[in-house]
Amino acid sequence: MSATWGNKLKITIFGESHSDAIGVVLDGVPAGVKLNFKEIRKQMTRRAPNGGEFSTPRKEADNAEILCGVLNGITEGTPICAVIKNTNTKSSDYSQLKDVMRPSHADYGYRVKYNGFNDIRGGGASSGRLTAAIVFAGAIARQLLKKKHINVVSHILSVGPVKDERFATEIEKPLVERLSGSVLPLINKEKEDDIKEIIACARRDGDSVGGVIECAVTGLKAGFGDPMFDSIESTISSLLFSVPAVKGVEFGCGYDMTAMRGSEANDCWYYDRNGALRTRTNNNGGVLGGISTGMPVVFNVAIKPTASIFKEQDTVNVATHENVTLSLKGRHDPCIVVRALPVIEAVAALAIYQFVGD
Amino acid sequence: MSATWGNKLKITIFGESHSDAIGVVLDGVPAGVKLNFKEIRKQMTRRAPNGGEFSTPRKEADNAEILCGVLNGITEGTPICAVIKNTNTKSSDYSQLKDVMRPSHADYGYRVKYNGFNDIRGGGASSGRLTAAIVFAGAIARQLLKKKHINVVSHILSVGPVKDERFATEIEKPLVERLSGSVLPLINKEKEDDIKEIIACARRDGDSVGGVIECAVTGLKAGFGDPMFDSIESTISSLLFSVPAVKGVEFGCGYDMTAMRGSEANDCWYYDRNGALRTRTNNNGGVLGGISTGMPVVFNVAIKPTASIFKEQDTVNVATHENVTLSLKGRHDPCIVVRALPVIEAVAALAIYQFVGD
Amino acid sequence: MSATWGNKLKITIFGESHSDAIGVVLDGVPAGVKLNFKEIRKQMTRRAPNGGEFSTPRKEADNAEILCGVLNGITEGTPICAVIKNTNTKSSDYSQLKDVMRPSHADYGYRVKYNGFNDIRGGGASSGRLTAAIVFAGAIARQLLKKKHINVVSHILSVGPVKDERFATEIEKPLVERLSGSVLPLINKEKEDDIKEIIACARRDGDSVGGVIECAVTGLKAGFGDPMFDSIESTISSLLFSVPAVKGVEFGCGYDMTAMRGSEANDCWYYDRNGALRTRTNNNGGVLGGISTGMPVVFNVAIKPTASIFKEQDTVNVATHENVTLSLKGRHDPCIVVRALPVIEAVAALAIYQFVGD
Amino acid sequence: MSATWGNKLKITIFGESHSDAIGVVLDGVPAGVKLNFKEIRKQMTRRAPNGGEFSTPRKEADNAEILCGVLNGITEGTPICAVIKNTNTKSSDYSQLKDVMRPSHADYGYRVKYNGFNDIRGGGASSGRLTAAIVFAGAIARQLLKKKHINVVSHILSVGPVKDERFATEIEKPLVERLSGSVLPLINKEKEDDIKEIIACARRDGDSVGGVIECAVTGLKAGFGDPMFDSIESTISSLLFSVPAVKGVEFGCGYDMTAMRGSEANDCWYYDRNGALRTRTNNNGGVLGGISTGMPVVFNVAIKPTASIFKEQDTVNVATHENVTLSLKGRHDPCIVVRALPVIEAVAALAIYQFVGD
């Protein structure tokens, strides 16, 4: 099974790229929470295709209609179901793809798994479109976290070869606010033009680029998470790898730690001038033994270049059993990193809520 | 909760580093399987501390006593419980650590979470010792997979700055056999001396080094895995991040893909000379949309340098609320990458069995 | 958490009596199944209030709109979400009930649990209305079972003091067909008038009556079910007790067995004239040690009299902290046993599918 | 899967009647609880076969050895594993039963399910012996509940035709204490001799009798339980039906309510002289809409007569495919109701802890 995830806040996702609608059921939102719909709307808009410079030319309003669980804007404690209509679908674009497998897409695995009965239009259930449901759920989780003074923030760590800086050991509030308000959140703002150019260039070439998103959860106290199978890392990563195009996850310095010696890598504890317990570095990303340390929980995610490109590619026709070439048409993102930012933040919020939720 | 993991084959792990015993319950092993105890023993021995050049001086026999679920060497279909006694524990080594937090260990998070009632000796439940239970369970999962012609193999991709080669797109049987029989499995055998030297050097310095393990699952047909929350990547990564010291996970080329363009990164399908459907490259690591492609499932894991080092470190005493220095005593691994190999393979076997199991 | 149930076929239910809609997500329906919508419609209609002699005067069409998971009438293997609009709601009926607790309703427990934020109109999420979603899911489960030659059938075992006969040890096909086609399914048809009269009489008195439904699953071979926590009985009963008004469950002869001696109660095995292995009696209801025996799985369910009656009742106003009297208005069923039949059958189908599903 | 149950307090059970040991892993016991081992011992002894008048002649000490999770008698917050050795097994008693199916035992279903690889000695995993593990887990759950002023108590409601009285609407403390201290707990003590005689008589005849146990949970406040699939009734019943020989479950008046009219059956609320909110009757057994009302949670369980009797019975030999007769030997309980009392109480404690646990 695969549509349901979580424990304290359980989400069940449904829909395909070209079905009538997609949506999500959230079970476990406490009663009596006044929802900030503007904030939900803001997160949905960050993810929605808007025809802008970082996006597919397709536009989709992504209005989430709440069917139940909320009365007069206040949660009832019962499951919340939100439905998002699929309005701007061009199904004809996919007619050629019935038997021709798009490289680096889920087409072939799905075809085998579902004996060819899966809806291939728009990638069906493997479409990034379903992340709209995750963003909706995450937008609610964020509001629940905010009441506990926990914030989620992310920035672009790289697009193609262009790199931003990593989060510092301590993540200050002004930075959090600046990044949260930015369409292209970067710690080093000077990289903005390079990144825009890399994406524009890939678009001009009918090609695509990938990148890395770094995300931080601030305000989480020490002692959350469960040893062994419900570690903070296990919980976050299991959800991250449900997001299409994610190919890697690091906590803290991740792979860079493997080239360090223990004496460099270890995060030394100290009491700061206010008597707060902190570590000098945060190479471990705020998690030790699966449990939060009280430092920011920091992880990053590798997002591969969009698989849909306009360049001609070699592939196969599985009906005729022939090697063929394929030139994709339709509307595709040259780089999904920007639109993925709110998705990764939503994942972080949903995962952390599992530990701090009521 | 955290002690139970899995669906078709469910494992429940118990024990702490210095409790009477640790162990595991396996629920879901089919009836009628003649277990190969020699093979279980082999895997347990690969992980067990043996006092050798890559290990802690501590030795532990790690004999797993099977309490139930097996009759005359054949599985009954009912839960199998295996218990591994903790025989070689030196609890006195830990007396100084009651209030002094070891850097990069779980000490502080545990203390907060369990209000100080957790057993700190040997790291308690956060100890790498519990991976013996995972190796036991994995050794059984491997035997179940072998009946389905699925193999798990791994090698050291790096230790500190020394790097081995990645798996090629196709992984041939002789390589699998060579790696499986090797204590220090490397694709490029010439790196062996460098790696030994890096580890020996860290030991001499009272320090430690980390590394990367690359693991491949061969023989898995296309169409396994579940979209969204039970993707192959989600399942493998959730279990990997339960293994102490794991700080990152990549599938296929992982982070390297983020610097590629789509036209380079995409794995193009073709029919090979035998009519088999393959991809020219395997940058995606054999998984697309959460589902197997029929190519080897390839992932790698970042393992941080052992947190326990003999060099003096800055830290705090949380009872006296003071900044202090700490010099660890006891017996510690200078590099746990070698002993982690069978653990990572066990994780791969347990995860893949969730999809192909009966 | 509470909205999600099941393993092979997982259902997630949402909605309240007076929310915009209720619905269900089914995860785990295999791909390639041509759905019989007429059969789904038939089951929905059996449950829907129709203003008839056994029902509330309220009418509700209960059209289930399928949002995803089905393409051209054939399942895709991805989650199916069905939404049922709440069209005929009279919210004004409930204004008096904000603080006055209806006896034998969930009002008070909900108020405490949800701090008064739950929607009280129509009983909110505790409403029998949500069983429409269970019937929808069950209607699909039945179709999956039919492909495996497994049938679910039920009859009214009693209404108030009027009793029908129990199922015989062997349940013949003509009886199954007759009961399936009947609005008031009874083994002894002569009881029909008595039952109609009992219900009509309760309605005239502004009162209500309860009853017992006996349900049988035929065609299930021996060897299904899981010992201990996923016994057939555990699985069926956990779902039955999610149905409002259910207060008891028996398998086979249930309580009657407690007054028998072992020598009477034991079901003796024999090979019948066709060499089939059967039992002479089926006092155990086709389940032993949690596992099917190959005999029909037979259970029955106690359904209490509708809590909503028009007679004046003593109760309290929890706002004023006073003892008060209450006279309910609105539209209520004098006996929900008839409308509960398809719900109980749906539960049986969903539960059994957990064991035989692919 | 079937060996793991629960959420806040998760139990995993293992072992068979004649395996080396049986046992249980408890995951979720909070840290810092000083366990009362004498109380655990007391509950284990109530269930253990003692050779007395209500028991099989077999004696078993049922000492639970705790392997981990407890340090100096205080829980650590990590999983607790307890192992109970199987010391007094007479495996030779079962040699005749390899192919001859005992009536009303799980033999045949198990044989089919496990392809004959299950251990048949003593009933293998279907043995009542595994309830020792449930009693151990329940004994800990009870201690956790006691800290929240919640008590579990039960009495024999009937053995064969002899009936005790039901619990009154309010259950007073002296009664709870008297029943808790009694080997043969009865509200109406005058029934004691009749019950002893019924059991003795069945033993003399080589036969067996069943009975009903009524159980109450006192001190549970209103508002616990989850609507729909995690109702209090669903949770209790799913666990009850994992106990061998349970064939029926009622909450409150159960089946008797089906013969009442709503006006009789409804539990009317009132404020008592102390201003406490109570109901005049407790026909619903303290649960409405799946949620506690604040009245005692009352349920009862039908326990069938022991399937193992010494009288000759008709059955089959599945190897020779013949109808045969069977005369059982060995040591069997003439009535398991008395030994089942602590098991049913353990189930109640484990189930209620799911809702009130930390």
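A, B, C and D are the chain letters, set down in written order, and residue numbers restart from 1 in every chain.
Just so it is clear, a residue touches a chain if its C-beta (ideal position, glycine included) is under 8 Å from a C-beta of that chain, and two chains touch if they have at least 3 such contacts.
These numbers come from a predicted model, not from an experiment.
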## Note on the structure
Among A-B, C-D or A-C, the pair whose interface repeats that of B-D, with over half of its contact pairs matching by residue number, is A-C
### Query
Farthest from chain C in C-alpha centre terms, which chain would that be?
B
#### Entry: Euclidean distance of C-alpha centroids - chain A vs chain B, Å
26
### Task
Would you mind pulling out the distance in Å between where the CA atoms of chain A average out and where those of chain D do?
47
### Message
Taking the mean of the C-alpha atoms as each chain's centre, how many Å separate chain A from chain C?
### Response
40
### Summary
Within chain C, the set of residues that touch 2 or more other chains is 1-4, 7, 13, 78, 113, 125, 227
### Message
Under the definition above, what is the set of chain C residues touching chain D in their complex?
### Response
1-5, 13, 101, 103-113, 123, 125-126, 130, 158, 160-161, 202, 205, 207-212, 221-231, 233-235, 237-242, 244, 246-255, 257-263, 265-271, 275, 277, 279-280, 283-285, 288-294, 302-309, 311, 313-316, 318, 321-323
### Summary
In their shared complex, chain C is touched by residues of chain A numbered 1-4, 7-8, 10, 12-16, 19-23, 25, 27-28, 31-32, 65-69, 71, 74-81, 83, 113-115, 117-119, 124-125
